[in-house]
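Each structure below appears as structure tokens.
Next, two complexes with subunit A in common: one pairs it with subunit B, the other with subunit C.
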Partner chain A sequence: MMTTPLLSLQGLTKEYPGVVANSDVTFDIGEGEVHALLGENGAGKSTLVKMIYGLVRPNAGTMRWRGEAYEPHAPAQARASGVAMVFQHFSLFDAMDVAENVALGMDNPPPIRELAAKITEVSNNYGLPLDPDRMVGDLSAGERQRVEIIRCLLQDPQLLIMDEPTSVLTPQEVDILFRTLRQLRAEGKSILYISHKLEEIRALCENATVLRLGKVVGKADPRQESARSLAEMMVGQVLHQPSREAAAPGKTLLEVTNLSLPPQSAFGTSLKEINITVRAGEILGIGGVAGNGQDELLGALSGEMRSAREAVRMAGEPVGHIGPTARRALGLLCAPEERLGHAAAPDMSLSENALLTGAYRERLVKRGFVNWGKTRKFAERVIETFDVRTPGAHVAARALSGGNLQKFVIGREIMQRPSVLVVNQPTWGVDASAAAAIRQALLDLAAAGAAVVVISQDLDEILEVADSFAALNAGRLSAPRPVQGLTMDQIGLLLGGAEGDSDAAA
Partner chain B sequence: MLRLEKRPNPSQFWNYATPVVAVLLTMVAGGILFWVLGKNPFEAIKLIFWDPLFSEQFAAYSRPQLLIKAGPLILIAVGLAIGFRAGIWNIGAEGQYIIGALCAAQMALWFYPAELWIVFPLMILAGAFGGWLWAMIPAVLKTRFNTNEILVSLLLVYVAEKILAAAATGFMRNPEGSGFPGSRNIFNYSAASNQELIANSGLHWGVVAAFIAVIFAYVLLHRHLLGFHVQLAGQAPRAAKFAGVAPARLVLLCLGISGLMAGLAGMFEVAGPARLITIDFNSGYGFTAIIVAFLGRLHPIGIVLAGLLLALTYIGGELAQFMLNLPSAAIQVFQGMLLFFLLALDVLSNYRLRLMRPAPVTAPAPKPSTESV
Partner chain C sequence: MDLSSINPVVLIASLMVAATPILLAAIGELVVEKSGVLNLGVEGMMIVGAVSGFAIAVTTQNPYLGMLAAIVAGALVALIFAALTQLLMANQVASGLALTLFGLGFSALVGQNYVGIVPPRTPKLDFGPLTDLPVVGRIIFGHDILVYISLLIVAATWFWLNKTQGGRVLRAVGENHDSAHALGYKVTRVRILAIMFGGACAGLGGAYLSLVRVPSWTEGMTAGAGWIALALVVFASWRPWRVLAGAYLFGGIMVLQLNLQAAGFRIPVEYLSMSPYLITIVVLVIMSSSRGRRSMAAPGSLGRSFHAAG
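Entry: the complex of A and B
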């Protein structure tokens, strides 16, 4: 017996000038099904869900909702039909409380007190405890995501779209989220789940559609596949596993001693007595939930924030008091988390963005005058070496997909042969093959004798590349532990701020 | 229904086309304005944009005026554009222009009547220094106390106007002027005089300085790392900090450059076309230069073209004033409209207009909510 699927996509095609984002995409999502959407960056996942959510209109093809024509012109219309979406990047206001934020996202919000009661009720029903009166600025990333999810659940959706929901969560928070999603499925709701974490998809989804270059290239039952086979289906080739050669650690390159900094903004975090030692050939992984001082730590290392002279040392030399340009000259390079606006200027070309950090180390500037020819060549070398998919170095940074820009930003620093590299969230929102390439580049850099600090919320990533692990919690950094032999539970405790027994006794 | 859609890349075409379209729209709206005032709109527009250059009756007088008016506009606008690109908004060029002129005039009056070649170069230095100094007030207040440079620089214009009035009626008044307000005639003091370099061309040293400034700004913005940092700071302040740009230094630099150029413009004006310090010495060049900077896309070459165009509206406006009895404010409204249309149209270089058919309701009606939470 054939049942009518909840949402049926038939030959959906979306073209942008010069790019086909989606071409003839066809698949069904059944009632009560958790359906995975897999694909590399630029494979067309975002465009596809935007069409379902009414943000973008297809050029060709049809959608059917329970057998009836479905052509949403706006998200409000999609929501009215029963589609809700949790975005990868939250759209919340820090200075408002939870209930106010939820009300802002609703089409017809009830009075705030009724809403607060409803939030409490729904959040308890789904095992996502959330206090409607708390300020969003004080919430962890996991709790912020709950706000978004509850905003969706209050609309009683039939189809919930989730875009990379676990990338900001601790392992414990992921478990809670999965329990909620399973409960939703048990209630007969459908979920379209976008993620590049293949193990999650295998644990949660019963159907997967794989996109590559805008086309459906495979459908699978993730439970029957291995993570590797899924990844290869997605990339279309045999996947390269990051590998490392053990190198004997060399001399200490980066040394941070009792670094303390006040918060830089109302919702910033202060750094409290941070101690770090990284030696040549070593990779230190710093885990922690977003908002625990990651940005501040990177700023203190890059030189955007000055500290006491002796608090930061590069190969023995005090650098705490000098700025980014002078630190770069010494070989201390950084790649911030925020690609657009911090690591790169959105409206400037890739050439100009290459000049942004490469001006002196790559000798792109002579007596203050920019050698644009040389700058373009440097940008092109980054583009080629790191497989950045773009028509050329003249393209504005904002025109690149997140993963491609990330490859460019990381590549730009690595190509400058740093002796210390600090990266924050190096593979955030980057697809599996690009993430593997970035991690491999970090490993190669360490193998070549650089000291590397990887700040990341992706614990799998830290476990994959790092030699030692330290957790950042409320601006404090735990003592580093060797990664070998560390269990997920231990990590979870470290992230929560619990130190080992010896520390507690001290 | 019209909708705005963000472009993946800023449109090069609209970047160049918006100033032209803005000028055309201003002509249309200005024409309507003149028509409401009871004038023949076509005649008024022709009088403003065509007659100063091509009518047999007026061109002989008007043509040299073009460079005389465009010189200071371009010189000031180029300096402002450097700051505007960095997101540093010096609105007080008019005040820096006045103080530059006062300093230069004072320098000339100290030497009067000695005929030394050094007088003119010293006046240039004094004019540049005066403008720079006046711009340093908002710059230092901003870097020390985080005040808003827009407000401070604008309000300092009115302070400068008071000082100008005091100078013209008091400490700088011509002792041989039978008590009339106004300084000695600096133009007639040949060591200090900013003469026309080619007769009847309007070309004086200020125009030369404007063109040197254009070349300087072009090289700075497009070939020098400092210019890159200026633009970076304007577009992405956090990325600029990451690149190693010190924001405070940039504020001092940008306000300093724009103040210096405005001061220079004032110096060339008082020693040349204006001839002396009077109560109403300033004629709004410092404010009109803001329009020139934006109309020229903050690009040095564009500013040359925009400066010539705005100079034309000054000359044409005067012409329309005595030929058609248009109120003098009408031409200021006209210039203001130009800036308004320009900024409004600027949206088009970053967004595209999409014609959308009104959405028919084809989605299924919202289903009644299930009570199974």
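Entry: the complex of A and C
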């Protein structure tokens, strides 16, 4: 006789006006099982876990918890049953301390002093040390995630839902997290692990359910599959690996010498003596955990933040003192991380957004007047070349999905034939096939003789496209190393701030 | 000039009375802003409280019934703002300004028949021999009940915000409404209740003006007290005890300005009238320039509309 699964989903369906987020989803999670939920962005993973956590109610289908009917209509009810969730975008409050943040995730928190003692105890038991009195706003991404996990563990859950838990962690932090998760499994707790990082799933999970467009398209034992076969199950087509032809590097196009900048906001990072040299045809990958100066570095290169005249040179010419428009005119283009609000104006149409950065290089403005016909054609060229799925150039940027908008903003810069292109998180939140297209476009651009700087938190991405790798840590940039022959462990140490091969940072 | 005519004991006692309306309105607005809502309609809610409190007190000849009516009226006016901004997603700044203009006009209309009438007197509490003590008796034990209630509200607000789960939830909603929603808290409900509390406090502050401080009804009698209360919340960097200190400071300036005039001090009144705003601007500049603690700063979601997604 089969044992009753911990949680059993039967034909779950959720429809929003015009969209079916989940359709007839059926699978079981056993006791003490680490179950992977795989799928691209928009495959319906988030909606599904929201139903399990009681944030969203299904239109059809049933859930059973240890054989009993389970219909949570609020998170508090889900928590009472023993379901806890670690959110993808953290559900934390920056201006409150750790203990208060934990208390907010509990239904009947004990007095704050008792809670603080408990946090210290539980966090040490699971190898995730945490100081309950610290302000959450001052914590690193890894520490913030610990707060979320501890908040869940204090409720003594049976099922822990983890939504993309490793996207902001260094490889070492991922190891610590996995150790904790294995300890939880050994204690008999079940984990529903959502990710699109396939190697992690193969290392951790014994069962996987693959979602595509809201439907279950496959179940697998990830330990028996290759990362490639899982990816193809997820995407539903054969993936193209980006490829490039080796080109001899040309002359130096971008040169940054001893660039130091004070922080721009109360919680910003200062840049300390940054040195970069990128030659024509070369791609430099800059890795680092979020908040170590990525935004500031992009701002300093794009011209949003001015620096000393000689600190930034473009093909030998000093440009440190001039602003973004003048730098664009010289061929130094940038695509920042934040798509909505920084790279694109959300409520403006794609044509207008194309105009915002392309005005001068594409000659869309003449004597102060906008040539709308030409602007629209430029936007349409970007849409066509980069396969942006949208009804047309008149659509507001906000209406596009993350991946499509990302293709548009990256394409908009590449179509302006930059001689230096700086991108920050070019494929963040973009599905696998769109990400592959963007990476290929970056490789093609470099092959055509441009210098490219890719700032990314996705190490696999850097290893895939970059020629050399440098790590950004607390505003300092390590010396670049050739990507060939670099191991994950070495990268992890660089990200942690250790220079060279010294084992001092272990 | 003759500063010896200013009696410090009388000055302190009367500044407490002068500060009570703005203290009440400001502590209410503090709770509203802590929940992430910016209600610029404080002036409007105050004056509606002032006129309705006055009208009911005159009709029933009972000042306490009048104050109760002012609380209800203030909360009801605030409910209009809550419906506009929380349910219909109207812009908070525009709605708040509209509320102020509406309150000023509406109160003038209702108050037409009450001009020139004397309201029933609100008695000062008598602590017996304590009240007769020199200096202390006058400052601490010589007031009407509302002065003590306002102090109690400040203490209770501080305790509730910082020491209870309910207050923690309210601060969480104001700090990051998306996170609060993800944890299952009812953002809209919390905010509507906070807005109504703010309205009730502003209404009571208004009634204190028309029933105790002045006491009579004239059109537009709040004369900017609501705006001072708004400035005060920022000045106090969203902390209850600092609101109290700030209210007494601003109240002191108001009283001092009258005393200085009486003493023949030759400084235009306007300088003193504008000083609360000037001080607030200075504090704002200091706050934004010091790269300090996050907890000093405004609630993270202040003034942002909340749309529940999914």
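Convention: the second predicted complex is superposed on the first by the 438 of 506 C-alpha atoms of A that agree within 3 Å, B and C clash if a C-alpha of one lies under 4 Å from a C-alpha of the other, contacts with A are read in each partner's own complex, and residues count from 1 in each chain.
Going forward, a residue touches a chain if its C-beta (ideal position, glycine included) is under 8 Å from a C-beta of that chain, and two chains touch if they have at least 3 such contacts.
Everything numeric in this text was worked out from a predicted model, so none of it was measured.
In the superposed pair of complexes, A:T252 makes contact with neither subunit B nor subunit C.
A count of residues in subunit A touched by subunit B and by subunit C gives the higher number to B. By the touch criterion stated above, A:P263 is placed in contact with subunit C alone, subunit B being left untouched.
Of the two partner chains, neither subunit B nor subunit C is touched by A:N59. When the shared chain is aligned, subunit C comes close enough to touch A:G105, but subunit B does not. In the superposition on chain A, contact of A:M135 is made with subunit C only, not with subunit B. Looking at the shared chain after the overlay, A:L92 reaches subunit C, while subunit B stays out of its contact range. In the superposed model, A:P75 makes contact with subunit C only, not with subunit B.
The contact surfaces that subunit B and subunit C form on subunit A in the two complexes overlap at residues 74.
Residues of subunit B touching subunit A in their complex: 8-10, 223-226, 228, 231-232, 235-236, 238-244, 246, 359, 361-367, 369-370, 372-373. By the touch criterion stated above, subunit A contacts subunit B in their complex at residues 16, 65-66, 68-74, 77-78, 80-82, 121-122, 125, 156, 158, 187, 302-304, 323-326, 328, 334, 336, 338, 341-348, 352, 355-357, 359, 365, 368-370, 372, 395-396, 398-399.
Those residues of subunit A lying in contact with subunit C across their complex are 46-47, 50, 54-56, 74-76, 87, 89-96, 100, 103-105, 109, 135, 137-138, 263, 266-267.
Those residues of subunit C that touch subunit A in the shared complex are 165, 168-169, 171-172, 175-176, 178-180, 182-185, 291-295, 297, 299-300, 310.
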